[in-house]
Amino acid sequence: MDFRLDILVEYIPFFLKGTLLTIGLSLVGILIGTVLGLIIGLGKMTRNKLISFICNCYIVFFRGTPLFVQILLIHFGVVPMLIGHTNGIVASIIALSLIAGAYIAEIFRAGIQSIDKGQMEAARSLGMNHVQSMKDVILPQAFKRMIPPLGNEFIVLIKESSLAAIVATPELMYYGRALASQYYRVWEPYLTAALIYLVLTTSLSYLLNRLERRLATE
Amino acid sequence: MDFRLDILVEYIPFFLKGTLLTIGLSLVGILIGTVLGLIIGLGKMTRNKLISFICNCYIVFFRGTPLFVQILLIHFGVVPMLIGHTNGIVASIIALSLIAGAYIAEIFRAGIQSIDKGQMEAARSLGMNHVQSMKDVILPQAFKRMIPPLGNEFIVLIKESSLAAIVATPELMYYGRALASQYYRVWEPYLTAALIYLVLTTSLSYLLNRLERRLATE
Amino acid sequence: MIEVKNLKKTFGSNEVLKDINALISPKEVVVVIGPSGSGKSTFLRCLNLLESITAGHVSIEGVDITDKKTDINKVRTEVGMVFQQFNLFPHKTVIENIILAPMRIRKLSAEKARERGLELLRKVGLKEKADAYPDSLSGGQKQRVAIARALAMEPKIMLFDEPTSALDPEMVGEVLEVMKQLALEGMTMVVVTHEMGFAREVGDRVLFMDGGYIVEENIPKELFENPQQDRTKSFLSKVL
Amino acid sequence: MIEVKNLKKTFGSNEVLKDINALISPKEVVVVIGPSGSGKSTFLRCLNLLESITAGHVSIEGVDITDKKTDINKVRTEVGMVFQQFNLFPHKTVIENIILAPMRIRKLSAEKARERGLELLRKVGLKEKADAYPDSLSGGQKQRVAIARALAMEPKIMLFDEPTSALDPEMVGEVLEVMKQLALEGMTMVVVTHEMGFAREVGDRVLFMDGGYIVEENIPKELFENPQQDRTKSFLSKVL
Amino acid sequence: GSSGTNAEADGTSGEKKKLKIATEANYAPFVFLDKGEITGFDVDFMNAVAVEAGYEIELVNVGWDPLFVEVKDKLSDLGICAITINDEREQTYDFSVPYYLSTNEILVPEGSDIKSAADLKGKVVAVLGGTTGQEAVEGILGKNHKDIKKFDNNNLAILELLSGGADAVVADNAVVQEYAKNNPDKKLSIIKDEEGFEKEFYGLMFPKGSELKADFDVAVTKILENGTYEKIYEEWFGAEPDVATILAEQK
């Protein structure tokens, strides 16, 4: 297989720009998604049937439909309603945040439920109310357990952000496709993109492993 | 928003065909992926450094790169080597199986590691060797715990199979795109496809929940 | 004072407490014994509403805690509880475990709370462990911290649910010692335990539970040496 | 017969067994006591190589198990082990738990294995539970099944690691009873336990371990009533 | 690796082998699926050319990215899919003589101040990646200019315009008309600017060094000259083709 380095060299600045946006999108996505996931996760756990039902629908919808369709819906349906016109970056961030929120809600719920029941009972038996117990006793412990799955979600988000290219958000995959369609060559751009994704995801999971080990020994 | 039902009606048989193939692809993918995941998962856990390293690379690669690129690689790199010419369905099945294998390897490893160490010790202390202990004691228990995450992986696979459309595998999304480009309309095909995916994934997760509850009370 | 009248508790279709009546006076130390599953923990947990009560009444210091209008968090500050599994907060140091509730509920300042916390740690013999994390403590030390934590809210009553049964044998003594001290100081205590020596030495009264009822009760010496009921006899024959 | 010579075991940089020497004769019942973390479990687990041995020699019935050429699976069939946490196989019925190893290793037929399994269950008083799943048993019943399972391989030696400390008090007796019976029948036994009554009644010898050494050993009466070492004295003062 | 094409494998049956032709059926009215069948202008044209050249052909919908690998790796004998000939692609592939003159049109909202191709400067333009539209706009704004949004689907490009994310869409006039036909109620104006855009041509795409190119060049020219082309063109586009310009470009 011939492999044309020259066209890759030509695209280096674009790949760089794209990679930065890829990182930015996933980073913002995981941050907003975490806040959202917290709200949705708590919402699903409340005794209020209606709130719990709505939160559950949210989770079911975002986990049950392809991201591709979600991005289109948000890009052409939601963002114009919000800011009057489409904007690929805004749409990608919203879509990634919303889907991350759905997964993080479950991570969050699992994290809370993984804390021994005795912790809540001990806090309540001291006279602390439910909110105080959550805040001072349950959540700090749950958050620590959530770090590894949150990291995984970040990795997933990095890969999924590649779908942002379909609404012309100029991230890594967008420039990969631009190169592909300029030269009608597939391997150079896509293998390069794959390699960059691989570097991003493996270095992230390396960092995660170290963090996890640090947390475990603490 | 005007919504042309007539063109949807016209495409009903294609959506049906596509949905069947989507189900078929993910089903075959999860089955082969399970076998593969078992092998890779065991491989990663062996003491043999080389095998363990190779299995780990496999997992890192498939979990760290976008499925989109994997499908292309397999469609053009692997399938022609195997059967002499390209074939979208074969490539999709291989790609979905390989990625499922990478995730299932981890599910499998987690399942085995979740079994109390005392089980292996009890079996070994009776004089059973490692293989016997695995087969008779550890694996049956691990499999039961693997059912819920395997079900989740199945759901993920259903959604990811939508990417098979890029190598023109005539599954659900393929016909969705066909409809979109024949009539230059976006919402009718994509919302319909999203709905079908949602029905597939939610009914599957409903079944899973029931199964999980049955297993828990057993 | 604790008054329990016709207390019933069911989990689903499982009636765990069938008809419990008891009167526990101030400064009394009541030991609860009985076979596994007889409802001892459930009984104890009903006393501070960690389990909702199905029927009957429980009043603590004259306050009916089954009344919907009662502020249960306030009641719980009066009733300390010590669990078999310690349930210390692993993300907080020993002293932080102790001062958390006083600061949150009694609104004590950090210094004041810490000062009183250290005093309690001294009492349970763990002053030097104030800034350690629970994971670095032995079982006996953990349980003593748990007792100090419960005492920090200055409860009028202390409930103990098998406080020594998760401990290595050589640590049982140090925990019982702290409990004995507490009893001597006049704390009202309800203790579920299998430590018959403690019951004999410290208990004012022993309740024997079986099948959701209090089958027999008496002063320790009488109950252990002269059980009236067959079930009590058969249980004691296995345990003593 | 078990011969232990200069046994050392380290976990990383933690030297858990420092220099253990012991000789256990056929039909002898040896009880091992000592504070938590002193290495009792590790010692026991070295006897059937559940822990790899760092240095020294252990021979079982004349076979040096530290020799690389020894088939450890064969040795293990001669040495039964009973764990604190029972470790029954939860996906198998009681009888399946018992017959698994004999069928796999001794290649017994299912009928033959079942027949002998039922015999063992009768011995531990659980014949009627043959087709129950472990989860439906009480702790004492589980531990008796675990003993029957170990016996099914017809071992020459039985190791017990705190077989009663996960049990509710009223179930301790039934398990000790089975162990006593076994001792009477002439089984060679090494028992880590805190049940001093059992040690006194059944033990031929007591080893007191501390800090990775066997600090003192003697016949039970002597060791309990007349400990020579300070560490032994201090330990016994807490436990007895 | 595969040596030669699979078409060669079945070549035993007759004089001329059956050719495998790769396409992506996602670009109405050139190539698209009509209820599962591949149809379109390119399909009819390809069939006519094949008959003229004396080849049996099989048109396979392989997908867009796969199309290039198929042709480059000789898994298919050639590709047709409204593929624009340009220098960069000629480094990797051989193209037939042009068979279609793509007239790009600008699609703008009604009342837009864009009146010509030159007005696109400073505006955000949505295009379909890899098409003549992209080439044309990049000719004006510059390669990979940040104001060019490339979509991999014309629908999305036009939807972007309708949703306010772009000021204009530049696409082949056939595409623009097909869109307008299916979405009559959208308030869009079409601007033609023959001078403003460079002329772009479609060609058949062959692997580098393909021996088929010679046969097909002749056949394409023949079809253009003998009136068959005009018939097919009018059938699909309802207009007369500018055969003269295409033939001139072929020289």
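A few notes on this one:
A, B, C, D and E are the chain letters, set down in written order, and residue numbers restart from 1 in every chain.
Quick note on the criterion: contacts are C-beta pairs under 8 Å (C-beta built on N, C-alpha and C of every residue); 3 or more make two chains touch, one makes a residue touch a chain.
Please read these numbers as outputs of a predicted model, since none were measured by experiment.
Look past subunit C and you find the other chains held together by touch in one piece.
The minimal number of chain-to-chain contact steps leading from subunit B to subunit C is 2. For chain pairs A-E and B-D, the one joined by more C-beta pairs in contact is A-E. Of all chains, the one whose mean C-alpha position sits at the greatest distance from that of subunit C is E. Both subunit A and subunit B derive from one sequence, and where they touch, over half of the residue numbers involved are common to the two copies.
Work out the mean CA point of subunit B and of subunit D, and you get 46 Å between them. If each chain is reduced to the centroid of its CA atoms, subunit A and subunit B end up 20 Å from each other.
A straight line joining the Cα centres of subunit B and subunit E is 36 Å long. Distance between subunit C and subunit E, defined via averaged C-alpha coordinates, is recorded as 82 Å. Counting partner chains per residue, subunit C shows two or more touched chains at no residue at all. Within subunit E, residues 65-66, 69, 153, 156, 159 each touch two or more of the remaining chains. Among the residues of subunit A, those in touch with two or more other chains are 72, 76, 186, 190. Every pair of chains meeting the contact definition is listed here: A-B, A-C, A-E, B-D, B-E, C-D.
For subunit B in complex with subunit D, the residues that touch the partner chain are 116, 118-119, 121-129, 132, 136-137, 140-141, 144.
Residue ranges of subunit B in contact with subunit E, taken from their complex: 2, 10-11, 14, 72, 75-76, 80-81, 84-86, 88, 165-168, 175, 177-178, 180-186.
For subunit D in complex with subunit B, the residues that touch the partner chain are 48, 50, 73-74, 76-77, 79-81, 83, 85, 87-91, 100-101, 104-105, 146, 149-150, 153. Residues of subunit A that touch subunit B in their complex: 60-61, 63-70, 72-73, 76, 155, 159, 162, 173, 186, 190-191, 193-194, 197-198, 201-202, 205. Of all residues in subunit E, only 1-2, 6, 9, 24-28, 32-36, 61-66, 69-70, 73, 75, 153-156, 158-159, 178-179, 182-183, 185 touch subunit B in the complex they form.
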